[in-house]
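In the two assemblies presented below, subunit A is common to both, partnered first by subunit B and then by subunit C.
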Partner chain A sequence: MRYVGQRILFSILSLCVLLFITFLLSHVVSGDPAIVAAGPNAGADKIAAVRQEMGLDRPLLVQFWIYCSNILHGDLGTSWFTRQPIASDIIRELPPSLELVFVAMVINLAVSLPLGLLTARYAGTTFDDVVRLVVMAGAGLPIFWLAIILQQVVAGQWRLLPTAGRLGFENRDFTGATGFTLLDSLMQGRFDVFADALAHLVLPAFALTLLFTAVGVRITRTAMMGEFRKDYVVLARAKGASEGRIMVRHVFANGATPALTVFGMQFGWMLGATVLVEEIFGRPGIGRYAVKAVTQSDIHAVVAVVFVVGLVFLISNLVVDIALFLLTPRKHAGA
Partner chain B sequence: MRSRARFIPVLVAALSGVSSLAIAAPTGTLVIAENETPENLDPANATNSTVDELLLGAYDALVQFPAGETAVSPRLAKSWTISEDGLTYTFTLRDDVVFHDGSKLTAADVKFTLDRLKAAKANVLNDIGPLSGAEVVDDHTVKLTLSKPFGPFLSALSRIYVVNKALVEPHMAEDNARQWLAVNEAGSGPYVIASYNPTEAVSLKAFDKYWGGWDGNHVAEVVFRYITEPSTQLSLLKSGEVQIAPDITVEDKLALMKEPGYVVDVGQAATPLYFDFNTASKGPTGNPKFREMLAKTFDRQLHLDQVLMGLGTLPDGPLPTSWPGHESGTELAFDLAGAKKMVDDNGWAGTTLTVRYLPAIQEEKSAVEQLQSNLAEIGITLNAEGMTWPAQAATVQKVDTTADINMIYSFPPFPDPHAILNASFNSALTGSNGGYNWAQYSNKEVDALLNEAASSADPAKRAELYKKAQVLIGKDFAVITVSYPGSVVAVSDKVEGYKYNAAHHQTFNIMDIGLK
Partner chain C sequence: MASLAPPTTDRPLLEIRDVSVALRTGNRTMVAGVSLAVRPREVFGIVGESGSGKTLLTRTLLGLQDDAYVAGGSVRFNGQDLPVNGYANKARKLLGHSIGFVPQDPFSSLNPSMRIGKQITEAIYLAKGWPMGAERTREAAIGLMAEVGIPEPALAFNQFPDQFSGGMRQRMVFAIALAQDPKLLVADEPTTALDAITQRRVIELILDRSRKHDLAVILISHNLELLRQSVGRIAVLYGGQLLNIVPSGDIGQSTIHPYTEALFDCIPTREKTLADIRSIPGEPVGAGFGLKGCAFASRCPYVVTACRTTDLPQNAGTASIFSACILGRGVH
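And then the complex of A and B:
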């Protein structure tokens, strides 16, 4: 349990550093938010009044101190542009993005793990070479470019999947308790809405995941390669265990640790990358919210988004770390 | 198979399914693609077009600019009188207007609206001049008073949307109802905001008790879908999922002009793009002679042909040529040889200048590139610094940090010379005073002309004053007017009644639109 405690403490510290850097950076690069907030033709007096109202006339460290103490009370501040508590804005925007990342992650794992395992088993064969070639090509494709191509071809020309949005036109008024459309539709027994939401998720999730999957396949392969050379595999083969059993029960179970650590991090990275996909597929989400906040110098909203994405990143890492610790406690005994 | 059918655009089915029995009932759904998401729904922010385009449907103002017109006409106000001294405006309101909750709109709502905007330091009041107060005379008469005469007062009132006092007042205590009105609506307009998901879509549904009635062809629902990517907007237009796509690329718009099924509307927008020279600079642009040379170095015709692909109007000075008060020939024509001669005569070769602009806007980027290459030809180096809007706006707050040249559009909130000339050239609104006069231009004579024109209610006299001001501004070489880009919008040919409205740039006249 000491290990878990250490991990949590370390995560909280990382988050504080992240907060401070983001806060500092957004103040330095964002010009004068008061000018934007005061609107066109405002005049110096009004801008000064708005600046004061926004608290921007105070020293930076004081602003940061106030901000941190608010966060400790669960208050992420009020957006100067949406005029809503930023926490409630994020609660609205996060589910569609998380849903996209979940689906992307499912595709990622479903492709990376088997392909990684198989290429490790058949390393050096033509199969391995072909997969490596495809994976390298995939890793080189920029997400936004892939997204546009998929949209233009699969949705635009072939009409197999929807072009944009979260739901089809006839379901545009669908709402649910959690904001996760897949979950809400199942809870309400609306399987038609579920299918619709899933169809709208396929292309964006695929575009989002390809780059990560390429990395995933390579990482899994490397991790598994080492296992195949170990004595226990030779022993298992000698005992006459089937090749499938060796791969799944022995190699995979033992070699998955480093790969899973990477997948844990990928979850957070994906959330940060959703913006590229959301803009192209016209989906709501935290990425689009962040872009709007950045262009308007809505500092508190920007910092809050970074905070939340960082939080998700840390949590997903923590979950993986703890899961691995519980699965293979020996490896961490010295920590 | 049910799920398969969902992938096929359903709009056609939705439209044809509506019965033709109802007389003068709005029918069908109009979907408009919009690349920028709205910040909120508060009428205090009606200065912002992404907010204004939603409020135009949900609210009414005392007066209005119908699409295509440059004069105000009645809306909530049936008629009005202006006192001799120009300080008191008395409006007689319609008595048949109801808010979306069914309650009657009265003079008390108008007074409350203005009082609230003042208390909330609303952005929309930046343009309304010296308004001092509102007074309820009786249920249908309201008196607005000014501290000094303001010629464009009626025009400016076209963006003051009247809110339902009974609904808003309970939310005033904390923040002047800012938070509440940001996501709730309290209007009397033709459409009710049915759902508001600002990063996804906003839906407006026809209000059956609208005082204007529903004679003619109107739509029952208007959906704004927030689609940033131009290629996505095009795909959705082609698949029939949206009927109006304003933000597709110029190339695609030109291609659609030749394609059956689409109409590409080119609205005569009044949003000039300027190169503002830092006239207060201690550097080279502080010298009027040097600015005279610079004023000859930009080819507006080339920009219109190559960058705007002909979709715009050739500028002739800082005001749109069709506006009252426009004066012709106040800016120098493109003459690079003449500029070169001035550079040689004065030994200016080797000078280095800086221009700041928004690289996210293709038109600004292309204009900067042209200026860079022209100046290079005559021995002047132009450094281009791309910025974001808030960062660029911050640099002009001091003369010392203002670049030699800044690019800026003027977005007049109403079609009146005041809205462009005063904001861009009055010394009270220089960048260092928090305004959009980024040339830091200060000429007492020009100030006097602009102020006199602003305080007059006589259109002929005002036009004369603005003409004189333009001549003086031209002689000081404060800016190059780069272009009047057209407002180019791709529309499905199933849509009828769309018309560009210069008084509400980048919005849509949804009330006039019907589907064929």
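And then the complex of A and C:
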């Protein structure tokens, strides 16, 4: 448990660093916010008044403290354009993106872990070569290109899956408590909505994950390769354990650490990469929100997105660390 | 200590005839023409220097060596023929119930992230093929741990391998082998990674428990003195060839194969003076040197031209005592 405590403490420290960076982004990099906020026709008096109102005349450390305290109270500032609290925008836009990343991650893990294990076990065989070739090809495809091709071919020509959006026309008014359509539809027993939402998620999730899966397979393979050469595998074989049992019960837990660490980071990277996929597939989400904020120079909204993506990155890494601790308690007990 | 009585005339438990082992890459033959028989409850030693092929031969015979295969000869275990085609798969089916294996390094042969108890109960489950209930399996595992001399086995059951010394870990590996109730135990340098006193204790424990459980034991070591004190017969491997099968009591007493003699001369014992201890001149050849004539010819004090040109005599009848010396040294 000391290990988990250390990881949580480490995450809190990382959070402070993240806060400081986003603070610098919003208060230093963006020029004088008071001039922008006061409007183009404001005189010096007006600007000074606004500066005082925004607390910009106070020492930087005090400003940072106010900034942190606001964020910890759930206040991410107000958008200059919508005049809405950014926090409520984020709460609206984040669930669809997280949902997309979750589904992409499920596909990623479901493909990477078994393929990585199998190619490590059968390294050097034709099977290994074929997988490596396919994976290298996958890693070379840009996300936006893949997304457009999938949309044009699978959805457009073959009409197997919906082209764009989050839900079909007949379900356009569906709402739920959490904002996660998959979860809400299950909670309300609306399996038709669940299937509809899932169908809308398949192509974007696949486009989003392919690049990450290519990396995932390679990382898993490398992590597991060394384990298959260890003597405990020989002993497991001598016990009469099947190859499948050896992979799942013995090798996986020991080789998982480097692989799962990468998957934890991939979760955060994927959230950052939703920008392209959400634009192409016309899905609401944090990525599209970020694009809009950037094109409108809505600096507070941009910084809020950076902060939220960073926060998700920290949380997913913390979750992975704790999962690894539960998977191989021994390795981490002394750490 | 093990019974040093001459082997009985029981039907052999393991009988290998003219077995050769080759590497998968390049099909290079590394061990050739090995014939020997191990009888039920016999304690049998295999000695050889590093690279003599002793580990390669036994691991391949057990189906545990991925990069090598049985290239020729015949193998019978417990009255069952193991065909050369698809040999490894057939042999692996015997592991976990008929044959137990103790690998060399106890520091790496236990799964570092699995509790000791789980590793033993897994062995019990795999040997039985069906679960016999968590509580009963646990009791059986704890009983075995007590039997191999692990203090506070109920506590150790929930601990991880790195909480134990090398000697304790090797005892646990041995408990895993015992858990499967095999007929033959193969221990590959089981004590090389341990200090001298622990070595002695672990070997004695393995031999004592094996006798109690009616196991035949094949003990592989580079340490001739250790084998001489522990086993009934010793097979001597050099350069991938079987040079000698000798009752351990004959070593240092009657005429034995020149290589076995040379190996024995290297061992310091109480009876020897410093002048009696001699190293073998020249460098050892690795397994798979080309396999024409006797591998030891280049270092043998008795060597004649014929040693390098005559095919090595084979133990075709799997006789219990054998010498491959064409000069008749060590031949009974």
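Please note the rule applied: the second predicted complex is superposed on the first by the 280 of 335 C-alpha atoms of A that agree within 3 Å, B and C clash if a C-alpha of one lies under 4 Å from a C-alpha of the other, contacts with A are read in each partner's own complex, and residues count from 1 in each chain.
Assume contacts are C-beta pairs under 8 Å (C-beta built on N, C-alpha and C of every residue); 3 or more make two chains touch, one makes a residue touch a chain.
Since we're looking at a predicted model, the values are computed, not measured.
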| query | Looking at the overlay, what does A:Gly156 touch: subunit B (first), subunit C (second), both, or neither? | reply | first
Exercise for the section: Have a look at where A:Thr295 lands relative to subunit B and subunit C in the superposition and call it first, second, both or neither. Expected result: first
Is A:Ala49 touching anything from subunit B or subunit C once the two structures are fitted on A? First, second, both or neither.
first
- Task: Return first, second, both or neither, reflecting whether A:Thr328 touches subunit B, subunit C, both chains, or no partner chain.
- Result: second
Output check: A:Asp231 vs subunit B and subunit C. Expected answer is one of first, second, both, neither. What do you get? second
In the superposed arrangement, which partner chain does A:Gly74 touch: subunit B (first), subunit C (second), both, or neither? neither
- Task: Report for A:Gly244: first if it touches subunit B alone, second if subunit C alone, otherwise both or neither.
- Result: neither
| message | Just to be sure I read the superposition right, which of the two partners does A:Asn254 touch: subunit B = first, subunit C = second, or both, or neither? | response | second
Across subunit A, the partner (subunit B or subunit C) reaching more residues is B
Both subunit B and subunit C touch subunit A at residues none
Seen from subunit A, its contact residues with subunit C in the complex are 230-232, 234-241, 249-250, 253-254, 327-331
The residues of subunit B that touch subunit A in their complex are 2-3, 6-11, 14, 31, 37, 39-40, 42, 45, 47-48, 121, 123-124, 126-127, 175, 178-179, 182-183, 195, 197-201, 203, 223, 225-229, 231-232, 235-236, 238-239, 241, 387-395, 397, 411, 413, 423, 428-429, 432-436
Listed in rising order, subunit A residues that touch subunit B in their complex are 29-33, 35-36, 38-47, 49-50, 53, 78, 81-84, 92-93, 148, 151-152, 155-156, 159-166, 168-173, 192, 195-196, 199, 279-285, 288-289, 292, 295-297
In the complex, the residues of subunit C that touch subunit A are 62-64, 92-93, 95-97, 99-101, 103-105, 108-114, 122-123, 126-127, 160, 162, 173, 176-177, 180
